[in-house]
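I'd like to ask you about the structure that follows.
Labels run A, B and C following the written order; every chain starts at residue 1.
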Amino acid sequence: MELYGGYMNIDNKQKGELKANNLTCVRGEKTIFSKVNFTLSRGEALLVTGPNGIGKSSLLRVLSGFLKPSKGELSWRDGSVYQNIEEYRTLVHFVGHSDCIKSSLTVFEHLLFWSRLRGNSSSAYEALERTGLLNLAQTPGRFLSAGQKKRVSIARLISTYSPLWFLDEPTVTLDADSEKKLEELIIDHRSGGGIVVVATHSKFRLDQALNLDMGLKAIEEDESEKQKLKTYENKNKQDTWEEW
Amino acid sequence: MTKAKNFRLNFHFLANPARFIRFTNKIFPWVLIIAIASIVSGLILGLAIVPPDYQQGDAYRIIFVHVPSAWMGLFIYAVMAFSCAVGIIWRHPLAFLISKASAPIGACFTFICLLTGSLWGQPMWGTWWVWDARLTSMLVLLFLYIGYIALNSAFQDSHKGARASSILVLVGVINLPIVKFSVDWWNTLHQPATISKIDSPSIDSSMIAPLLLMIVGFMTYYFTTLIIRVRSEIIDRRIKKIRLEQTRAMNE
Amino acid sequence: MVMKGKNYLSGNNSASFVAIFKRDIRLALRNGIGSFIAVIFFVITVTLFPLAVGPELNLLTRVAPGVLWVCALLSTMLSLDSLFREDFEDGNLEQIVLGVLPLELVVLSKAFAHWVTTGLPLIICAPVLAVLLNMSGKGFIVLILSLLLGTPALSMIGTVGAALTVSLRRGGVLIALLVLPLSVPILIFGVGAVEGAIFGLGERSPLLILAGGFVASLVLAPIASAAALKMAVE
């Protein structure tokens, strides 16, 4: 576990492990989201909701360390994530829209590969068992249905331990049974001190979770933006290169 | 701290787009005047006044275009490499804009260099193209320019395109001396060394003045077109942003 | 800056280096004929040359090193497109970025796998094709040596093009445009070494320079490719 360095000091119970302060994301000329604030402590979860195209996925990509926010700070245990982004990334499990499945590799080979990427000895079989995929272990990816592919991605979450789970629309192709299993896994993870962020536009049961409604937020932002624009127009000038 | 402040003061005119445009508005006419004056006087001096070469006759006069454009081809690539490095390190959008705006100008100069080299080759060697080491290196440089322009424009997101193509420029600038070295080596392997000597006739002192004038002229011409291109790019982005805001307002 | 706080040679790193390498090899093997397209392309383009320039043996001897090298270069380019693209499109590149292995080493691992699946078969085929092109005896060993040094360098240089175009839908054509000018020196010294051996001009110095190019590409290309990949997963 030396891999996690100082991060894995579990006794050290701190408040506010993952802190987003004023996160703003601009891509191209477009502001995707702005001023996202939250604080998540050990065992807490965040449900990000809102309509399509509001920036849920981009937020998760920022949290996972793929995308650097244009403004604001993301910190983990009192230190900025960007001081050592590569090490921070190894603490993240990310399940995105893409299924990560190769048509010619078996389910078991996928899990083995992913855990090797983390440098861990894998508990791939256990992960398959808990997600009910054991009978598919030797099946190549090309024979899997969309829901099964998603379940393989979910099995990745428990094949190696990472404290941060960022799930983007995890339930979209899942049946009721698998959805329930995912809920159980999340409860397990949180009781072990892990942090979970789920982005979804549908209903997802996440007990005692903070809720970030990006749709509502965007409307509020727009109001304040308009106010600002008015003052901008009065001044009639741009302040920085980034803001033209 | 004071050093950082000084740096900021020195580059104060680039602090924001509006200020950049104001600054360039001020210097633009002067740069343009210098460009026109030195190109015109350089051409008159070089094409009419300087005496013909005893060996090559009047044909050599093409060096007053050929040599400065070869210089500019290399110089602009160096400018691009520098601004790409600045852009990657400090993420200053102006740096990316400068390299993006420079590329077609540099490619044109490189092409002119190749064209004039080929035209010069006809009376000298009796053929339109000789695989001379310098011309070959310039040809590779032209490919590097084209690669940069193609990669930059292939991205929908202009910021991403700018960053990706910057990496390419930096790789290219490391590669270019190696290309030069390898082409030189290849040239000596395949051709007797005497041929490449014709390429660099011993420069008479009377030729230096028009040559320098042409270099100054091309340099200032580069600056004028650079200013125009960067400004139009700034305005273009501004328009895009306004359109975006308008469509957002319409949706509501 | 990138390397700060990373232990490049830790056991975890070497395990995942090997994992990526093995997986890429496995994918290539299971891909069947698809992964040998580069070699097939190599063989076919080389056989086109005698058909184009005529079967005169002296002429073939003269052009053999150049033809073999240009065709090897083109077939290496051909297979570069899928180097990162498949992983990018199915999301595995994101998982690789989240892994412990620094991206520079990921690039190295994938380039090594690419070389084993394309460069190595080319080198095995090259002597046979050299016979078809009537290459003289002294050239064979130097041909293999120069390809052994040159094709990995081409794979490394190619990673830069592949990484820069990974997020573009029509990246394949662009890769050639970006990478071919960069690989001019490798081509020149590769052909130079073989010709030096055949025509008695000496093959030692071009081979040494080729080795230098190989080492330089091994060190520099992963840095550029990793920077491009980081940008691609944003």
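Structural remarks
The rule is short, and it goes like this: a residue touches a chain if its C-beta (ideal position, glycine included) is under 8 Å from a C-beta of that chain, and two chains touch if they have at least 3 such contacts.
Keep in mind that this is a model prediction, so the values were computed, not measured.
Nearest to the common centre of all protein CA atoms is the CA centroid of chain C. Most remote chain with respect to chain B, judged by CA-atom centres, is A.
One inter-chain figure worth recording: chain A and chain B are separated by 45 Å, centre to centre, where each centre is the mean of the chain's CA atoms. The distance from the centre of chain B to the centre of chain C, each centre being the mean of the chain's C-alpha atoms, comes to 31 Å. In this assembly, the C-alpha centroid of chain A lies 36 Å from the C-alpha centroid of chain C. Within chain C, contacts with two or more other chains are made by residues 234. The set of chain A residues that touch two or more partner chains is empty. Partner chain C is touched in their complex by these residues of chain B: 88, 140, 143-144, 146-147, 150-151, 154-155, 160, 163-165, 167-168, 170-172, 174-175, 178-179, 181-183, 185-186, 189.
Touching chain C in their complex are the following residues of chain A: 3, 61, 64-68, 84, 86-87, 89-90, 92-94, 96-102, 104-105, 109, 112-114, 116-120, 156. Listed in rising order, the residues of chain C touching chain A in the complex are 2, 4-6, 10-13, 15-16, 18-20, 23, 26-27, 30-31, 86, 89-92, 94-102, 233-234. On the side of chain C, the complex with chain B involves touching residues 160, 164-165, 167-168, 170-171, 174, 177-178, 180-182, 184-185, 188-189, 192, 195-196, 201, 206, 209, 213, 220-221, 224, 227-228, 231, 234.
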